[in-house]
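One chain, chain A, links the two complexes that follow: it is found with chain B in the first and with chain C in the second.
And then the complex of A and B:
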(Lines of atoms letter the chains of each structure in order from A and count residues from 1; the text may use other names and numbers.)
(Lines give C-alpha, C1' and ligand atoms only; values in the text may rest on other atoms or scores of the structure.)
Protein backbone atom coordinates (compact mmCIF):
# COMPACT_ATOMS: atom_id res chain seq x y z
CA UNK A 1 0.00 0.00 0.00
CA UNK A 2 1.39 3.41 -0.87
CA UNK A 3 1.18 6.08 1.78
CA UNK A 4 -1.21 8.47 0.06
CA UNK A 5 -4.13 6.04 -0.01
CA UNK A 6 -6.99 7.40 1.99
CA UNK A 7 -10.36 5.87 2.75
CA UNK A 8 -13.26 7.75 1.21
CA UNK A 9 -16.57 7.46 3.03
CA UNK A 10 -19.97 8.12 1.48
CA UNK A 11 -21.71 10.35 4.07
CA UNK A 12 -25.33 9.19 3.54
CA UNK A 13 -24.28 5.56 4.10
CA UNK A 14 -22.46 6.52 7.28
CA UNK A 15 -25.61 8.33 8.33
CA UNK A 16 -27.73 5.25 7.71
CA UNK A 17 -25.32 3.10 9.70
CA UNK A 18 -25.54 5.55 12.58
CA UNK A 19 -29.32 5.41 12.47
CA UNK A 20 -29.26 1.62 12.66
CA UNK A 21 -26.96 1.79 15.68
CA UNK A 22 -29.22 4.41 17.23
CA UNK A 23 -32.24 2.18 16.73
CA UNK A 24 -30.53 -0.74 18.43
CA UNK A 25 -29.56 1.50 21.31
CA UNK A 26 -33.08 2.95 21.60
CA UNK A 27 -34.59 -0.48 21.97
CA UNK A 28 -31.83 -1.58 24.33
CA UNK A 29 -32.22 1.43 26.62
CA UNK A 30 -35.99 1.00 26.88
CA UNK A 31 -35.73 -2.75 27.49
CA UNK A 32 -32.99 -2.22 30.09
CA UNK A 33 -35.20 0.34 31.80
CA UNK A 34 -38.06 -2.14 31.96
CA UNK A 35 -35.74 -4.85 33.25
CA UNK A 36 -34.30 -2.56 35.88
CA UNK A 37 -37.78 -1.59 37.03
CA UNK A 38 -38.97 -5.17 37.28
CA UNK A 39 -35.91 -6.12 39.34
CA UNK A 40 -36.59 -2.96 41.46
CA UNK A 41 -32.92 -2.05 41.40
CA UNK A 42 -32.15 1.20 43.19
CA UNK A 43 -29.69 4.06 42.70
CA UNK A 44 -26.17 2.96 41.72
CA UNK A 45 -27.14 -0.66 40.97
CA UNK A 46 -29.56 0.55 38.32
CA UNK A 47 -26.94 2.63 36.57
CA UNK A 48 -24.42 -0.20 36.72
CA UNK A 49 -27.09 -2.45 35.19
CA UNK A 50 -27.61 0.10 32.42
CA UNK A 51 -23.88 0.47 31.80
CA UNK A 52 -23.36 -3.26 31.58
CA UNK A 53 -26.45 -3.77 29.42
CA UNK A 54 -25.73 -1.03 26.90
CA UNK A 55 -22.09 -2.07 26.59
CA UNK A 56 -23.20 -5.63 25.97
CA UNK A 57 -25.60 -4.38 23.28
CA UNK A 58 -22.86 -2.36 21.65
CA UNK A 59 -20.59 -5.39 21.74
CA UNK A 60 -23.23 -7.53 20.07
CA UNK A 61 -23.80 -4.82 17.48
CA UNK A 62 -20.07 -4.71 16.86
CA UNK A 63 -19.74 -8.44 16.27
CA UNK A 64 -23.09 -9.22 14.64
CA UNK A 65 -23.82 -6.14 12.53
CA UNK A 66 -20.33 -4.85 11.82
CA UNK A 67 -18.82 -8.34 11.48
CA UNK A 68 -16.11 -7.26 13.90
CA UNK A 69 -14.81 -4.59 11.53
CA UNK A 70 -16.44 -1.34 12.67
CA UNK A 71 -13.94 0.81 10.79
CA UNK A 72 -15.67 -0.30 7.58
CA UNK A 73 -18.95 1.26 8.67
CA UNK A 74 -18.08 4.19 10.90
CA UNK A 75 -15.57 7.00 10.63
CA UNK A 76 -14.66 6.97 14.33
CA UNK A 77 -15.83 3.50 15.37
CA UNK A 78 -14.78 3.33 19.01
CA UNK A 79 -16.18 6.71 19.93
CA UNK A 80 -19.35 6.42 17.88
CA UNK A 81 -20.34 2.96 19.04
CA UNK A 82 -19.33 2.95 22.67
CA UNK A 83 -19.26 6.54 23.92
CA UNK A 84 -21.91 8.60 22.16
CA UNK A 85 -24.78 6.21 22.69
CA UNK A 86 -23.89 5.82 26.35
CA UNK A 87 -25.06 9.26 27.41
CA UNK A 88 -27.71 10.00 24.79
CA UNK A 89 -29.79 7.04 25.86
CA UNK A 90 -29.75 7.63 29.60
CA UNK A 91 -33.01 9.69 29.64
CA UNK A 92 -34.98 6.95 27.90
CA UNK A 93 -33.64 4.37 30.30
CA UNK A 94 -34.42 6.53 33.35
CA UNK A 95 -37.97 7.11 32.13
CA UNK A 96 -38.77 3.41 31.73
CA UNK A 97 -36.98 2.61 34.99
CA UNK A 98 -39.04 5.17 36.93
CA UNK A 99 -42.30 4.07 35.36
CA UNK A 100 -41.88 0.33 35.85
CA UNK A 101 -40.37 0.82 39.29
CA UNK A 102 -43.39 2.87 40.35
CA UNK A 103 -45.80 0.30 38.92
CA UNK A 104 -44.04 -2.65 40.57
CA UNK A 105 -43.60 -0.88 43.93
CA UNK A 106 -47.20 0.30 44.06
CA UNK A 107 -48.66 -3.14 43.47
CA UNK A 108 -46.37 -5.08 45.83
CA UNK B 1 -32.17 4.99 56.20
CA UNK B 2 -34.66 3.38 58.48
CA UNK B 3 -37.59 5.60 57.59
CA UNK B 4 -40.60 3.53 56.58
CA UNK B 5 -41.85 3.74 53.03
CA UNK B 6 -44.54 6.22 52.28
CA UNK B 7 -47.66 4.34 51.29
CA UNK B 8 -48.80 5.53 47.87
CA UNK B 9 -52.26 4.80 46.53
CA UNK B 10 -51.89 2.14 43.77
CA UNK B 11 -54.62 3.90 41.82
CA UNK B 12 -52.23 6.82 41.29
CA UNK B 13 -50.41 5.02 38.52
CA UNK B 14 -53.57 4.47 36.49
CA UNK B 15 -54.90 7.99 36.92
CA UNK B 16 -51.72 10.07 36.89
CA UNK B 17 -48.59 8.33 35.59
CA UNK B 18 -50.02 6.57 32.58
CA UNK B 19 -52.29 9.44 31.43
CA UNK B 20 -49.40 11.92 31.45
CA UNK B 21 -47.18 9.61 29.39
CA UNK B 22 -50.03 8.77 27.05
CA UNK B 23 -50.89 12.41 26.42
CA UNK B 24 -47.25 13.33 25.87
CA UNK B 25 -46.72 10.55 23.35
CA UNK B 26 -49.88 11.48 21.46
CA UNK B 27 -49.03 15.18 21.43
CA UNK B 28 -45.52 14.39 20.20
CA UNK B 29 -46.88 12.31 17.33
CA UNK B 30 -49.46 14.95 16.48
CA UNK B 31 -46.81 17.62 16.49
CA UNK B 32 -44.45 15.77 14.19
CA UNK B 33 -47.26 15.05 11.74
CA UNK B 34 -48.45 18.64 11.88
CA UNK B 35 -44.98 20.03 11.18
CA UNK B 36 -44.70 17.60 8.28
CA UNK B 37 -47.97 18.89 6.84
CA UNK B 38 -47.09 22.53 7.43
CA UNK B 39 -43.74 22.21 5.71
CA UNK B 40 -43.79 24.16 2.49
CA UNK B 41 -42.97 22.09 -0.57
CA UNK B 42 -39.78 22.82 -2.45
CA UNK B 43 -40.15 26.09 -4.26
CA UNK B 44 -39.53 26.45 -7.96
CA UNK B 45 -36.29 28.26 -8.41
CA UNK B 46 -35.64 30.73 -11.11
CA UNK B 47 -33.63 29.00 -13.81
CA UNK B 48 -30.92 31.65 -13.83
CA UNK B 49 -30.33 31.36 -10.10
CA UNK B 50 -30.14 27.60 -10.39
CA UNK B 51 -27.83 27.83 -13.37
CA UNK B 52 -25.53 30.10 -11.39
CA UNK B 53 -25.30 27.61 -8.55
CA UNK B 54 -24.79 24.65 -10.80
CA UNK B 55 -22.09 26.35 -12.80
CA UNK B 56 -20.21 27.10 -9.62
CA UNK B 57 -20.61 23.49 -8.55
CA UNK B 58 -19.32 22.33 -11.92
CA UNK B 59 -16.23 24.50 -11.52
CA UNK B 60 -15.64 23.09 -8.04
CA UNK B 61 -15.97 19.54 -9.38
CA UNK B 62 -13.42 20.28 -12.06
CA UNK B 63 -11.07 21.67 -9.44
CA UNK B 64 -11.38 18.59 -7.25
CA UNK B 65 -11.23 15.91 -9.90
CA UNK B 66 -8.84 17.37 -12.45
CA UNK B 67 -6.50 14.42 -12.02
CA UNK B 68 -8.51 12.22 -14.37
CA UNK B 69 -8.00 14.55 -17.34
CA UNK B 70 -5.13 14.53 -19.77
CA UNK B 71 -2.86 17.52 -20.03
CA UNK B 72 -4.59 18.93 -23.09
CA UNK B 73 -8.12 18.51 -21.74
CA UNK B 74 -7.08 20.07 -18.49
CA UNK B 75 -5.64 23.16 -20.16
CA UNK B 76 -8.78 23.62 -22.28
CA UNK B 77 -11.09 23.42 -19.31
CA UNK B 78 -8.89 25.60 -17.14
CA UNK B 79 -8.97 28.32 -19.74
CA UNK B 80 -12.71 28.02 -20.22
CA UNK B 81 -13.53 28.11 -16.50
CA UNK B 82 -11.28 31.03 -15.63
CA UNK B 83 -12.62 33.05 -18.54
CA UNK B 84 -16.26 32.28 -17.82
CA UNK B 85 -16.01 32.73 -14.08
CA UNK B 86 -14.55 36.18 -14.57
CA UNK B 87 -17.15 37.28 -17.08
CA UNK B 88 -20.72 37.76 -15.93
CA UNK B 89 -22.21 35.21 -18.31
CA UNK B 90 -23.66 32.95 -15.63
CA UNK B 91 -24.71 35.55 -13.06
CA UNK B 92 -28.35 35.33 -12.04
CA UNK B 93 -28.65 39.08 -11.60
CA UNK B 94 -26.17 41.46 -13.15
CA UNK B 95 -25.90 44.13 -10.52
CA UNK B 96 -25.12 47.73 -11.03
CA UNK B 97 -21.82 48.23 -9.19
CA UNK B 98 -22.83 51.76 -8.14
CA UNK B 99 -26.16 50.74 -6.58
CA UNK B 100 -26.57 50.85 -2.81
CA UNK B 101 -26.58 47.50 -1.04
CA UNK B 102 -30.16 46.37 -0.51
CA UNK B 103 -31.59 46.41 2.99
CA UNK B 104 -31.78 42.75 4.07
CA UNK B 105 -34.96 43.33 6.08
CA UNK B 106 -36.98 44.36 3.06
CA UNK B 107 -35.85 41.37 1.03
CA UNK B 108 -38.83 38.99 0.55
CA UNK B 109 -36.61 35.88 0.59
CA UNK B 110 -35.26 36.88 3.99
CA UNK B 111 -38.77 37.33 5.34
CA UNK B 112 -39.74 33.85 4.17
CA UNK B 113 -36.79 32.28 5.93
CA UNK B 114 -37.57 34.14 9.14
CA UNK B 115 -41.20 33.08 8.95
CA UNK B 116 -40.25 29.42 8.58
CA UNK B 117 -37.90 29.61 11.52
CA UNK B 118 -40.56 31.24 13.69
CA UNK B 119 -43.09 28.59 12.68
CA UNK B 120 -40.75 25.79 13.66
CA UNK B 121 -40.05 27.35 17.04
CA UNK B 122 -43.71 27.96 17.77
CA UNK B 123 -44.55 24.36 16.90
CA UNK B 124 -41.87 23.23 19.32
CA UNK B 125 -42.68 25.36 22.31
CA UNK B 126 -46.43 25.85 22.41
CA UNK B 127 -47.44 22.19 22.90
CA UNK B 128 -44.81 21.72 25.61
CA UNK B 129 -45.95 24.80 27.48
CA UNK B 130 -49.58 23.73 27.26
CA UNK B 131 -48.86 20.23 28.57
CA UNK B 132 -46.75 21.59 31.37
CA UNK B 133 -49.50 23.98 32.44
CA UNK B 134 -52.04 21.15 32.21
CA UNK B 135 -49.91 18.82 34.36
CA UNK B 136 -49.25 21.58 36.84
CA UNK B 137 -52.89 22.52 37.15
CA UNK B 138 -54.53 19.11 36.96
CA UNK B 139 -52.23 16.94 39.04
CA UNK B 140 -51.00 19.50 41.56
CA UNK B 141 -50.45 19.02 45.24
CA UNK B 142 -49.70 15.35 45.80
CA UNK B 143 -46.85 12.86 45.72
CA UNK B 144 -47.25 10.49 42.80
CA UNK B 145 -44.17 8.32 42.79
CA UNK B 146 -40.91 7.34 44.39
CA UNK B 147 -37.87 7.67 42.18
CA UNK B 148 -35.55 4.65 42.11
CA UNK B 149 -32.47 6.80 42.71
CA UNK B 150 -31.61 9.43 45.31
CA UNK B 151 -31.24 13.09 44.43
CA UNK B 152 -29.68 16.00 46.25
CA UNK B 153 -31.81 18.45 48.19
CA UNK B 154 -31.30 21.06 45.49
CA UNK B 155 -33.99 19.39 43.42
CA UNK B 156 -36.57 19.70 46.18
CA UNK B 157 -37.86 23.07 45.02
CA UNK B 158 -38.33 21.92 41.47
CA UNK B 159 -39.58 18.37 41.89
CA UNK B 160 -41.80 18.74 44.94
CA UNK B 161 -43.75 21.82 43.94
CA UNK B 162 -47.11 21.97 45.66
CA UNK B 163 -46.14 19.58 48.45
CA UNK B 164 -45.81 21.50 51.71
CA UNK B 165 -43.76 18.91 53.59
CA UNK B 166 -40.31 20.38 54.27
CA UNK B 167 -38.64 17.18 55.50
CA UNK B 168 -39.92 14.76 52.91
CA UNK B 169 -37.21 12.71 51.19
CA UNK B 170 -36.47 14.11 47.71
CA UNK B 171 -37.13 10.68 46.22
CA UNK B 172 -40.84 11.27 46.58
CA UNK B 173 -41.79 13.58 43.76
CA UNK B 174 -44.88 15.27 42.36
CA UNK B 175 -46.36 15.05 38.89
CA UNK B 176 -44.25 17.82 37.37
CA UNK B 177 -41.10 15.73 37.72
CA UNK B 178 -42.74 12.84 35.90
CA UNK B 179 -43.48 15.37 33.17
CA UNK B 180 -39.78 16.31 33.00
CA UNK B 181 -38.63 12.70 32.96
CA UNK B 182 -41.01 12.11 30.06
CA UNK B 183 -39.92 15.25 28.25
CA UNK B 184 -36.34 14.05 28.07
CA UNK B 185 -36.95 10.34 27.86
CA UNK B 186 -39.57 9.97 25.15
CA UNK B 187 -37.22 10.48 22.20
CA UNK B 188 -36.49 6.74 21.70
CA UNK B 189 -40.21 6.01 21.97
CA UNK B 190 -41.00 8.53 19.25
CA UNK B 191 -38.28 7.31 16.96
CA UNK B 192 -39.48 3.71 17.35
CA UNK B 193 -43.13 4.66 16.83
CA UNK B 194 -42.64 6.86 13.81
CA UNK B 195 -40.22 4.50 12.12
CA UNK B 196 -36.93 6.09 11.18
CA UNK B 197 -37.12 5.03 7.56
CA UNK B 198 -39.29 7.96 6.57
CA UNK B 199 -37.19 10.30 8.66
CA UNK B 200 -33.98 8.98 7.11
CA UNK B 201 -35.30 9.56 3.61
CA UNK B 202 -36.26 13.10 4.51
CA UNK B 203 -32.78 13.73 5.90
CA UNK B 204 -31.14 12.44 2.73
CA UNK B 205 -33.23 14.74 0.58
CA UNK B 206 -32.36 17.71 2.72
CA UNK B 207 -28.68 16.90 2.52
CA UNK B 208 -28.79 16.75 -1.23
CA UNK B 209 -30.49 20.10 -1.39
CA UNK B 210 -27.98 21.68 0.91
CA UNK B 211 -25.14 20.50 -1.29
CA UNK B 212 -25.70 23.45 -3.63
CA UNK B 213 -24.15 26.60 -2.22
CA UNK B 214 -26.53 29.23 -1.01
CA UNK B 215 -25.81 32.17 -3.30
CA UNK B 216 -27.64 35.43 -2.92
CA UNK B 217 -30.02 33.85 -0.42
CA UNK B 218 -30.49 35.33 3.02
CA UNK B 219 -27.15 35.56 4.70
CA UNK B 220 -25.30 34.01 1.78
CA UNK B 221 -22.38 35.67 0.03
CA UNK B 222 -22.85 37.41 -3.29
CA UNK B 223 -22.30 35.49 -6.49
CA UNK B 224 -19.55 37.64 -7.91
CA UNK B 225 -17.37 37.13 -4.83
CA UNK B 226 -17.75 33.34 -5.03
CA UNK B 227 -17.08 33.32 -8.75
CA UNK B 228 -13.94 35.41 -8.32
CA UNK B 229 -12.65 33.13 -5.57
CA UNK B 230 -13.31 30.02 -7.64
CA UNK B 231 -11.61 31.59 -10.65
CA UNK B 232 -8.53 32.29 -8.55
CA UNK B 233 -8.52 28.74 -7.24
CA UNK B 234 -8.66 27.34 -10.74
CA UNK B 235 -5.99 29.77 -11.92
CA UNK B 236 -3.43 28.39 -9.50
CA UNK B 237 -4.21 24.73 -10.21
CA UNK B 238 -1.31 22.71 -11.45
CA UNK B 239 -2.09 19.66 -13.47
CA UNK B 240 -1.15 16.34 -12.00
CA UNK B 241 -2.65 13.38 -13.76
CA UNK B 242 -3.39 10.21 -11.84
CA UNK B 243 -1.46 8.38 -14.53
CA UNK B 244 1.78 10.18 -13.74
CA UNK B 245 4.31 7.66 -12.59
CA UNK B 246 1.73 4.89 -12.49
CA UNK B 247 4.26 2.23 -13.45
CA UNK B 248 6.42 2.97 -10.43
CA UNK B 249 3.45 3.01 -8.11
CA UNK B 250 2.07 -0.30 -9.35
CA UNK B 251 5.49 -1.89 -9.12
CA UNK B 252 5.94 -0.52 -5.61
CA UNK B 253 2.53 -1.76 -4.52
CA UNK B 254 3.09 -5.30 -5.75
CA UNK B 255 6.83 -5.37 -5.01
CA UNK B 256 6.50 -7.92 -2.26
CA UNK B 257 4.50 -10.32 -4.40
CA UNK B 258 6.97 -9.91 -7.23
CA UNK B 259 9.81 -10.82 -4.91
CA UNK B 260 7.98 -13.91 -3.81
CA UNK B 261 7.65 -15.12 -7.40
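And then the complex of A and C:
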Protein backbone atom coordinates (compact mmCIF):
# COMPACT_ATOMS: atom_id res chain seq x y z
CA UNK A 1 0.00 0.00 0.00
CA UNK A 2 2.93 2.38 -0.38
CA UNK A 3 2.88 5.26 -2.76
CA UNK A 4 5.92 6.70 -4.47
CA UNK A 5 5.72 9.90 -2.41
CA UNK A 6 6.13 8.08 0.89
CA UNK A 7 9.38 8.85 2.69
CA UNK A 8 11.30 5.85 3.95
CA UNK A 9 13.29 6.49 7.10
CA UNK A 10 16.44 4.80 8.32
CA UNK A 11 15.89 4.05 12.06
CA UNK A 12 19.57 3.76 13.16
CA UNK A 13 20.23 7.33 11.95
CA UNK A 14 17.19 8.64 13.84
CA UNK A 15 18.50 6.94 16.97
CA UNK A 16 22.04 8.31 16.53
CA UNK A 17 20.79 11.86 16.00
CA UNK A 18 18.63 11.69 19.13
CA UNK A 19 21.58 10.42 21.17
CA UNK A 20 23.78 13.25 19.89
CA UNK A 21 21.16 15.87 20.76
CA UNK A 22 20.76 14.26 24.19
CA UNK A 23 24.52 14.40 24.76
CA UNK A 24 24.70 18.10 23.88
CA UNK A 25 21.77 18.84 26.21
CA UNK A 26 23.27 16.75 29.04
CA UNK A 27 26.53 18.69 28.95
CA UNK A 28 24.72 22.02 28.65
CA UNK A 29 22.39 21.36 31.60
CA UNK A 30 25.20 20.24 33.91
CA UNK A 31 27.37 23.22 33.00
CA UNK A 32 24.43 25.61 33.40
CA UNK A 33 23.92 24.15 36.88
CA UNK A 34 27.57 24.86 37.71
CA UNK A 35 27.22 28.41 36.41
CA UNK A 36 24.03 28.95 38.36
CA UNK A 37 25.78 27.82 41.55
CA UNK A 38 28.77 30.09 40.96
CA UNK A 39 26.49 33.08 40.36
CA UNK A 40 24.53 32.01 43.50
CA UNK A 41 21.18 32.51 41.82
CA UNK A 42 18.16 31.65 43.94
CA UNK A 43 14.60 30.39 43.34
CA UNK A 44 12.94 31.34 40.04
CA UNK A 45 16.00 33.19 38.68
CA UNK A 46 17.86 29.89 38.49
CA UNK A 47 15.13 28.24 36.43
CA UNK A 48 14.88 31.27 34.15
CA UNK A 49 18.67 31.01 33.69
CA UNK A 50 18.28 27.31 32.85
CA UNK A 51 15.50 27.89 30.34
CA UNK A 52 17.42 30.68 28.62
CA UNK A 53 20.64 28.69 28.55
CA UNK A 54 19.17 25.44 27.27
CA UNK A 55 17.16 27.26 24.60
CA UNK A 56 20.33 29.03 23.50
CA UNK A 57 22.13 25.68 23.32
CA UNK A 58 19.31 24.21 21.25
CA UNK A 59 19.54 27.24 18.98
CA UNK A 60 23.29 26.70 18.50
CA UNK A 61 22.60 23.01 17.84
CA UNK A 62 19.93 23.90 15.28
CA UNK A 63 22.13 26.31 13.37
CA UNK A 64 25.48 24.55 13.65
CA UNK A 65 24.59 20.86 13.48
CA UNK A 66 21.46 20.79 11.33
CA UNK A 67 23.02 23.05 8.66
CA UNK A 68 19.72 24.91 8.34
CA UNK A 69 17.74 21.83 7.31
CA UNK A 70 16.50 20.21 10.55
CA UNK A 71 13.84 18.17 8.70
CA UNK A 72 16.68 16.24 7.10
CA UNK A 73 17.87 14.90 10.47
CA UNK A 74 14.75 14.79 12.66
CA UNK A 75 11.24 13.56 11.93
CA UNK A 76 9.65 16.34 14.02
CA UNK A 77 12.47 18.92 14.21
CA UNK A 78 11.00 21.76 16.29
CA UNK A 79 9.40 19.49 18.88
CA UNK A 80 12.36 17.13 19.20
CA UNK A 81 15.01 19.82 19.50
CA UNK A 82 13.25 22.41 21.66
CA UNK A 83 10.67 20.55 23.76
CA UNK A 84 11.80 16.97 24.34
CA UNK A 85 14.59 16.87 26.87
CA UNK A 86 13.72 20.27 28.26
CA UNK A 87 12.38 18.77 31.49
CA UNK A 88 14.39 15.53 31.49
CA UNK A 89 17.55 17.52 32.14
CA UNK A 90 16.17 19.58 35.04
CA UNK A 91 17.26 17.07 37.77
CA UNK A 92 20.90 17.14 36.61
CA UNK A 93 20.79 20.92 36.50
CA UNK A 94 19.35 21.18 40.02
CA UNK A 95 21.92 18.70 41.33
CA UNK A 96 24.90 20.73 40.08
CA UNK A 97 23.23 23.98 41.12
CA UNK A 98 22.79 22.81 44.73
CA UNK A 99 26.28 21.29 44.93
CA UNK A 100 28.15 24.33 43.63
CA UNK A 101 25.92 26.75 45.54
CA UNK A 102 26.71 24.92 48.77
CA UNK A 103 30.45 24.94 48.02
CA UNK A 104 30.54 28.63 47.10
CA UNK A 105 28.38 29.85 49.98
CA UNK A 106 29.73 27.37 52.55
CA UNK A 107 31.61 29.95 54.58
CA UNK A 108 29.01 32.67 54.73
CA UNK B 1 32.32 8.70 20.12
CA UNK B 2 35.95 9.61 19.61
CA UNK B 3 37.04 12.76 21.38
CA UNK B 4 39.06 15.10 19.21
CA UNK B 5 41.83 17.32 20.53
CA UNK B 6 39.89 20.54 19.87
CA UNK B 7 37.08 19.24 22.10
CA UNK B 8 39.54 18.46 24.88
CA UNK B 9 41.11 21.93 24.62
CA UNK B 10 37.67 23.57 24.80
CA UNK B 11 36.70 21.47 27.84
CA UNK B 12 40.02 22.28 29.52
CA UNK B 13 39.76 26.04 28.97
CA UNK B 14 36.11 26.08 30.02
CA UNK B 15 36.73 24.10 33.20
CA UNK B 16 39.67 26.36 34.12
CA UNK B 17 37.48 29.45 33.63
CA UNK B 18 34.70 27.94 35.77
CA UNK B 19 37.08 26.88 38.54
CA UNK B 20 38.66 30.33 38.62
CA UNK B 21 35.35 32.17 38.66
CA UNK B 22 34.01 29.72 41.26
CA UNK B 23 36.94 30.38 43.57
CA UNK B 24 36.59 34.14 43.01
CA UNK B 25 32.92 33.89 43.91
CA UNK B 26 33.79 31.87 47.03
CA UNK B 27 36.32 34.49 48.14
CA UNK B 28 33.87 37.31 47.44
CA UNK B 29 31.16 35.71 49.57
CA UNK B 30 33.58 34.98 52.37
CA UNK B 31 34.87 38.58 52.41
CA UNK B 32 31.41 40.09 52.20
CA UNK B 33 30.24 37.94 55.10
CA UNK B 34 33.23 39.03 57.18
CA UNK B 35 32.83 42.72 56.39
CA UNK B 36 29.02 42.66 56.74
CA UNK B 37 28.57 44.53 53.47
CA UNK B 38 26.28 42.63 51.13
CA UNK B 39 26.89 43.58 47.52
CA UNK B 40 26.04 42.16 44.16
CA UNK B 41 28.50 39.78 42.54
CA UNK B 42 31.17 41.71 40.57
CA UNK B 43 30.70 41.94 36.82
CA UNK B 44 33.99 40.19 35.96
CA UNK B 45 32.99 37.00 37.82
CA UNK B 46 29.65 37.03 35.99
CA UNK B 47 31.38 37.51 32.63
CA UNK B 48 33.97 34.81 33.31
CA UNK B 49 31.27 32.30 34.29
CA UNK B 50 29.20 33.02 31.18
CA UNK B 51 32.26 32.69 28.91
CA UNK B 52 33.17 29.40 30.64
CA UNK B 53 29.65 28.03 30.09
CA UNK B 54 29.64 29.01 26.42
CA UNK B 55 33.10 27.47 25.85
CA UNK B 56 32.09 24.14 27.40
CA UNK B 57 28.79 24.06 25.50
CA UNK B 58 30.67 24.64 22.23
CA UNK B 59 33.06 21.85 23.25
CA UNK B 60 30.11 19.56 23.92
CA UNK B 61 28.60 20.28 20.52
CA UNK B 62 31.93 19.74 18.76
CA UNK B 63 32.24 16.38 20.54
CA UNK B 64 29.35 14.90 18.52
CA UNK B 65 31.13 15.23 15.16
CA UNK B 66 30.91 12.31 12.78
CA UNK B 67 34.23 10.45 12.53
CA UNK B 68 35.90 10.03 9.14
CA UNK B 69 35.59 6.59 7.59
CA UNK B 70 38.10 4.37 5.83
CA UNK B 71 36.76 2.54 2.80
CA UNK B 72 37.65 -1.03 1.87
CA UNK B 73 39.91 0.36 -0.85
CA UNK B 74 41.88 2.30 1.73
CA UNK B 75 40.50 5.73 0.82
CA UNK B 76 39.67 8.25 3.51
CA UNK B 77 36.00 9.19 3.30
CA UNK B 78 34.80 12.43 4.90
CA UNK B 79 31.08 12.25 5.73
CA UNK B 80 28.77 14.61 3.83
CA UNK B 81 27.32 16.06 7.05
CA UNK B 82 29.65 17.10 9.83
CA UNK B 83 27.54 16.42 12.92
CA UNK B 84 24.38 14.41 12.27
CA UNK B 85 23.32 11.57 10.02
CA UNK B 86 20.55 11.99 7.43
CA UNK B 87 17.46 9.99 8.34
CA UNK B 88 16.04 9.42 4.87
CA UNK B 89 16.90 6.00 3.48
CA UNK B 90 18.10 7.40 0.14
CA UNK B 91 20.64 9.68 1.85
CA UNK B 92 21.72 7.47 4.72
CA UNK B 93 22.85 4.49 2.60
CA UNK B 94 25.26 6.69 0.60
CA UNK B 95 28.04 6.49 3.19
CA UNK B 96 27.95 2.70 3.44
CA UNK B 97 27.98 2.46 -0.35
CA UNK B 98 31.09 4.65 -0.50
CA UNK B 99 32.81 2.52 2.13
CA UNK B 100 31.73 -0.64 0.32
CA UNK B 101 29.83 -2.43 3.08
CA UNK B 102 26.17 -3.09 3.83
CA UNK B 103 24.18 -3.00 7.06
CA UNK B 104 24.27 -6.79 7.21
CA UNK B 105 28.06 -7.01 7.15
CA UNK B 106 28.08 -8.77 10.53
CA UNK B 107 25.96 -11.58 9.12
CA UNK B 108 27.81 -11.78 5.80
CA UNK B 109 31.34 -11.89 7.11
CA UNK B 110 30.61 -13.89 10.31
CA UNK B 111 33.38 -12.27 12.30
CA UNK B 112 32.79 -14.35 15.50
CA UNK B 113 33.39 -17.56 13.57
CA UNK B 114 36.89 -16.67 12.34
CA UNK B 115 39.44 -19.33 13.25
CA UNK B 116 42.12 -17.14 14.81
CA UNK B 117 44.54 -20.04 15.46
CA UNK B 118 44.41 -21.05 11.83
CA UNK B 119 44.89 -17.46 10.64
CA UNK B 120 47.92 -17.05 12.94
CA UNK B 121 49.42 -20.30 11.68
CA UNK B 122 48.96 -19.15 8.10
CA UNK B 123 50.61 -15.84 8.95
CA UNK B 124 53.54 -17.57 10.70
CA UNK B 125 54.04 -19.85 7.72
CA UNK B 126 53.99 -16.83 5.44
CA UNK B 127 56.62 -15.04 7.56
CA UNK B 128 58.80 -18.17 7.63
CA UNK B 129 58.55 -18.68 3.87
CA UNK B 130 59.44 -15.05 3.22
CA UNK B 131 62.48 -15.22 5.52
CA UNK B 132 64.02 -18.13 3.66
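By our rule, the second predicted complex is superposed on the first by the 102 of 108 C-alpha atoms of A that agree within 3 Å, B and C clash if a C-alpha of one lies under 4 Å from a C-alpha of the other, contacts with A are read in each partner's own complex, and residues count from 1 in each chain.
In this text, contacts are C-beta pairs under 8 Å (C-beta built on N, C-alpha and C of every residue); 3 or more make two chains touch, one makes a residue touch a chain.
As the structure is a computational prediction, the values presented were derived from the model and not from experiment.
**Student:** Does the chain A-based superposition show chain B and chain C clashing or fitting?
**Tutor:** Here chain B and chain C can both sit on chain A without a clash.
**Student:** Quick check for you: in the superposed arrangement, does A:95 touch first (chain B), second (chain C), both or neither?
**Tutor:** A:95: touches chain B, not chain C.
**Student:** Could you tell me the angle at the CA centre of chain A between the CA centres of chain B and chain C, given to the nearest 10 degrees?
**Tutor:** 80
**Student:** Just chain B (first), just chain C (second), both, or neither: which does A:103 touch?
**Tutor:** Both chain B and chain C are touched by A:103.
**Student:** Return first, second, both or neither, reflecting whether A:27 touches chain B, chain C, both chains, or no partner chain.
**Tutor:** After superposition on chain A, A:27 lies in contact with both partners, chain B and chain C.
**Student:** Determine, under the contact definition given at the top, whether A:86 touches first (chain B), second (chain C), both, or neither.
**Tutor:** neither
**Student:** Where does A:66 make contact in the superposed view: on chain B (first), on chain C (second), on both, or on neither?
**Tutor:** second
**Student:** Taking the superposition as given, does A:17 touch the first partner, chain B, the second, chain C, both, or neither?
**Tutor:** Only chain C; A:17 stays clear of chain B.
**Student:** One more residue to check, A:39. First (chain B), second (chain C), both or neither?
**Tutor:** Touch partner of A:39: chain C, not chain B.
**Student:** In whole Å, how close do chain B and chain C get at the C-alpha level once superposed?
**Tutor:** It comes out at 5 Å between the closest C-alpha atoms.
**Student:** Common interface residues of chain A with chain B and chain C?
**Tutor:** Common interface on chain A, chain B vs chain C: 12, 16, 23, 26-27, 37, 40, 103, 105-107.
**Student:** Could you please specify the touching residues of chain A with respect to chain C in the complex?
**Tutor:** Per the touch definition, chain A meets chain C at residues 7-10, 12-14, 16-17, 20, 23-24, 26-28, 31-32, 34-35, 37-40, 53, 57, 60-61, 64-67, 72-75, 100, 103-108.
**Student:** Sort out for me which residues of chain A touch chain B in the complex.
**Tutor:** The contact residues of chain A facing chain B are 1-2, 11-12, 15-16, 19, 22-23, 25-27, 29-30, 36-37, 40-44, 46-47, 89, 91-99, 101-103, 105-107.
**Student:** For the complex, give me every residue of chain B touching chain A.
**Tutor:** Interface residues on chain B, with respect to chain A: 8-10, 12-13, 17, 21, 144-150, 178, 181-182, 184-189, 191-192, 196, 200, 203-204, 207, 249, 252-253.
**Student:** For chain C, which residues count as touching chain A in their complex?
**Tutor:** 1, 14, 18, 21-22, 25-26, 29-30, 32-33, 41, 45-46, 49-50, 52-53, 56-61, 63-64, 81-93, 103
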